[in-house]
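The structures considered in this document are given below.
Look at the two complexes coming up: chain A is in both, with chain B in one and chain C in the other.
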Partner chain A sequence: MLAGIDYFIVIAYIVGMLLLGLYFKKFVNTSEDYFLGGKSLPFWAIGMSIVVSDIGALDFVGVSGQAYRYGVSVGNFDWVGSVPAMLLAAFIFIPYFWRGGMYTIPEYLGRRYNKSVRTIASATWILFFALDLGVLFWASAVLLNVLMGWPIWISILSTAGVVGLYTYFGGITAVIMTDVVQMIIMFVGGFALVFLGLHAVGGWENMVEKISTMGPEYQSHFDIIQPSDTTSPFPWTGILFGLTFVMANAYMIGNQSIVQRCLTAKNEWHAKASMIFGSALKMFIPILVLFPGLMAVVVHPDLADGDQALPMMIKSILPPGLVGLMFAAFFAGLMSSVDSLLNSTATLFTKDIYEPFIKKGASDKHYLKVGQITTLILLIFGVATSPISSDFPGIYVAIQTFMSYFQGPLFAILLLGIFWKRTTQWGGLSALIIGIAFAVFLNVFKEHFFHIEDPFLYISWWSFLVGFVINIVVSLCTKKHSEKELQGLVFNAKIVTENTSI
Partner chain B sequence: MTEIELLNKIKTAKINRALGVFILIFGLMVLVAIAFTETFVQQMTDLVAGMVLILIGGGMFWKSQMNLVQLSTKNKSL
Partner chain C sequence: MLNFDWAAGISQETAKMIFFGLYLIIGALVLLLPTEYIYQGIPKEKRSWYHNLKIWSWAVLGILATVYYLF
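Right, the complex of A and B next:
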């Protein structure tokens, strides 16, 4: 448990976040303000928010843990697994989405393919996001329970109260701006941890020497490229095909909670710059999260669970004040994940389900209210489902894994949708359905096809490839779209700004 | 500059001012925490981290406050 000044800092951080978030209420007057921040936010804030959303507290702990177990190869996720995809998103995809005045990725898919593709994509995201909420509430509660000694239900309700209030009132502006604070604090605390950690292990070279002589399991700890027959989840083939080609692009281009941030930019230049700035910041993330994991191998060599590496390093290395600040940043990371899910799910439901299917042509105030009420309902749903995580500890990994299976086929139809005029609505629909089904099939029978412990990178690659091929084959057999229907939706064409019918 | 652009700039300045105050306060807290540290290295780390936060937060606050004064004058003249 924390004590003294650190306890005070965590409490002050939580209260401060609430007040800061509530302050943004005065900037929300329309549904565009709520879902897209009035399209007025600067690139630096969006870039920071993208990075923080990408590396939430659970990932922070998880990546350090994997660095502890497998070494530096996990850094691929933030370098080749992010930077090229973010640049591709910045220069190719984001300008189309931004100029098109879109709110959601499924909205683009609806315009490019058909309503069914839009609805399936949107419903799948809503389902995953809603399930994730309960898990994140539970994780926040456990963190507060361990650090502050609060009972679990008090912890869940206080997290839900703080995050719910500022997301309900402040919309995406509150979400992004609270992320900015979190990122600055996370970077300052993270660099302090790396500095003191290096001091504790006697410098980088000393650490490398010590780890290399610790036994055969540490021989490849400093190899960023792992052989294809490695038993770790990061063989170079999986990293190149599954991560760099598919998952990274699918995440940076097809994930609603990431792309929605870029759509809040004040102009197209800021939208592009936000991704580029975010990619520059991303390059520092492995230093902040990977190095403490490596240092923990020397400082705490006998940890039963690698995921304890970062919390143990913070506790044993950081001075009072920074311990509180880093744990506050952890908690804020969880809050950031929750508020992103709440706002993105509310946007998906309002724009892709409610507006087209339940009430078309209502007033802007009506849709703003629907967005806020959806946020509230999701909050209650998240709180109610949070105890499930305690009964099924593997549920977070299961949700994340299934989410990654959906991303391969989704990226296949996004890629062909933008770059190939000949792809048709039936091609897109069949690619999405068959691609997801194939990913589920591979997951069920993974022991028969793969020899590594968690083949999610390979499954993403193969489901992407199947979706890609199915889209081409079915598109060639079905009636192509007219030039008018494709206006502004494919590469090199100008995107129309008004809401064209699906 | 149109009125909408001006209002957007005022909004951005107000947001930055709030963020600046928040970060500044946390920088001060880290400086206070120096009193609870034991070793010289820890004290220096707290000092540097606190000063970095104070510089970022203070800078944001000062810049946005200056902008707000200028923009408010322009807004009145419109």
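Right, the complex of A and C next:
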């Protein structure tokens, strides 16, 4: 399928990433260097890294497929699903975490609530991140197998080798700086496809006209706001309550791999600016992933599976050279997701499990070594579990769906934890456990409760609300924390009016 | 109740206005932040208008509102 120049571009990209990542090895001397980049990184690199980590190759295909089926309303996830949450994170949460010198989100939860909340949150993230790794390795192997003709196991080992090497040696600095290049490649490849695709469909207005006259099911393809009684997964009520108020905030404020990047900023201004810059870049993502899906409605109107939209557009629109660049962009998406998972999981394990439970008070070099060894073990685990994806093709969706059920209750305890002094450790713990259990219950019996196709937005909202209420009720019934215990952990107007450090 | 049946009578145009209202509220809250807090981390003598994160936020919210106006 690829021409000679395409092979060259893909291989040059892989080798280039390896060399660039290994270059940052020399900056890693302490555990802070490894997990927080020595708190030295600029906002633009962090912002670009947040964006590229958020959008993986699987999302490229999946979002294009959803745009093919449901139209522009899927763009809500990168527009209203990012900007408000990233501004809230930039101005309220990130400064708290940054000033507090924290490494992980569960570390904040541990200080604000108790060790159990920290451990549950951390163990859940570790479990999902580790399972995700295998899925991503398999996806990249399938990609390399189809493109380059490499056997699956060679493909898995080469992906693991390249990403593993630079993540093991270079830590989060290597992860972020390779992400910068990966984002540029994704944007160049993506915009080339959109530009040529628009030319192929006769321009934007022509495309809108053609799609609008294709039948009643395409009448609302260009409506970003869908009615609340739509059967698609994106009614405006779900977008507002489930996505904007809960899932987006939980993702931007409670996701370790996102927040950890901001904590690498060289100062507080860079930490805040990284989120806002990232939100600006995020608004271009729907153009890259959604527009090809819309164009495919015109170019390939009879696709049985919407997920075929993007591959078919690449195949039919792009010339040799750009095909290689587009596949390098796909690979960039996969690599950035894998390196983020590796580094964030190693940080969570070292800081939230190993340090408090296995070996307290060891030297900094020891924790640096533990972080590196954890990265290596995760790499082996990811490679060993990758064939699961072949046996259970729905596992990626299953993991993502279950993750979304964890996010509502997590955001409820983060929000109350930072804004309400009266919240207690037992309130937080009950909210997390009961909230997750309620989300699972709603999912199991979703046919009885919901009438839209995939009610994950509604489930996030209701599980958030249950977690929120449980936290308040249990907190009011249990002993409150002292002022001393809460120092620097609860929002105080002083943080925005005085030049104080936590 | 779980399906937000109470919102069935709200038109798509009204729903869009709710989103615009949300952006305005967020923009107003950003404006209320003290200037010192916005520049925290940049030495006073090096501060410039482009370090003002309120401008950044309003630019991003402006683009977002434009997207929702267009679609």
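Basically, the second predicted complex is superposed on the first by the 492 of 502 C-alpha atoms of A that agree within 3 Å, B and C clash if a C-alpha of one lies under 4 Å from a C-alpha of the other, contacts with A are read in each partner's own complex, and residues count from 1 in each chain.
Methods note: contacts are C-beta pairs under 8 Å (C-beta built on N, C-alpha and C of every residue); 3 or more make two chains touch, one makes a residue touch a chain.
Predicted model only: the values in this text are computed from it and were never measured.
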item: Clash or fit (per the criteria above) of chain B with chain C on chain A; value: fit
item: First, second, both or neither for A:W236, with chain B first and chain C second; value: second
item: Which of chain B and chain C A:L322 touches, first, second, both or neither; value: first
item: Chain B versus chain C as contact partner of A:F450, first or second or both or neither; value: second
item: Partner chain(s) touched by A:A346 [first = chain B, second = chain C, both, neither]; value: neither
item: Partner chain in contact with A:L20 - chain B first, chain C second, else both or neither; value: first
item: Chain B versus chain C, judged by how many residues of chain A each one touches; value: C
item: Shortest span in Å between Cα atoms of chain B and of chain C, once chain A is used as the common reference; value: 12
item: Overlapping contact positions on chain A, where the chain C interface meets the chain B interface; value: none
item: Chain A contact footprint on chain B (complex, rising order); value: 8, 11-12, 15, 18-19, 22-23, 25-26, 29-30, 32-34, 36-39, 41-43, 45-46, 48-50, 52-53, 56
item: Parts of chain A lying in touch with chain C, wherever the complex brings them together; value: 72, 75, 79-80, 83-84, 87, 90-91, 95, 222-229, 235-238, 240-241, 244, 267-273, 276-277, 279-280, 283, 442, 449-452, 458, 462, 495-497, 499
item: Touching residues on chain A, where the partner in the complex is chain B; value: 4-6, 8-9, 12-13, 16, 20, 23-24, 27, 38, 40-42, 173, 177, 180-181, 184-185, 188-189, 192, 195-196, 199, 266, 318-322, 324-325
item: Chain C residues within the chain A interface of the complex; value: 2-4, 7-8, 10, 12, 15-16, 18-19, 22-23, 26, 30, 33-34, 36-37, 39-42, 51, 53, 56-57, 59-61, 63-64, 67-68, 71
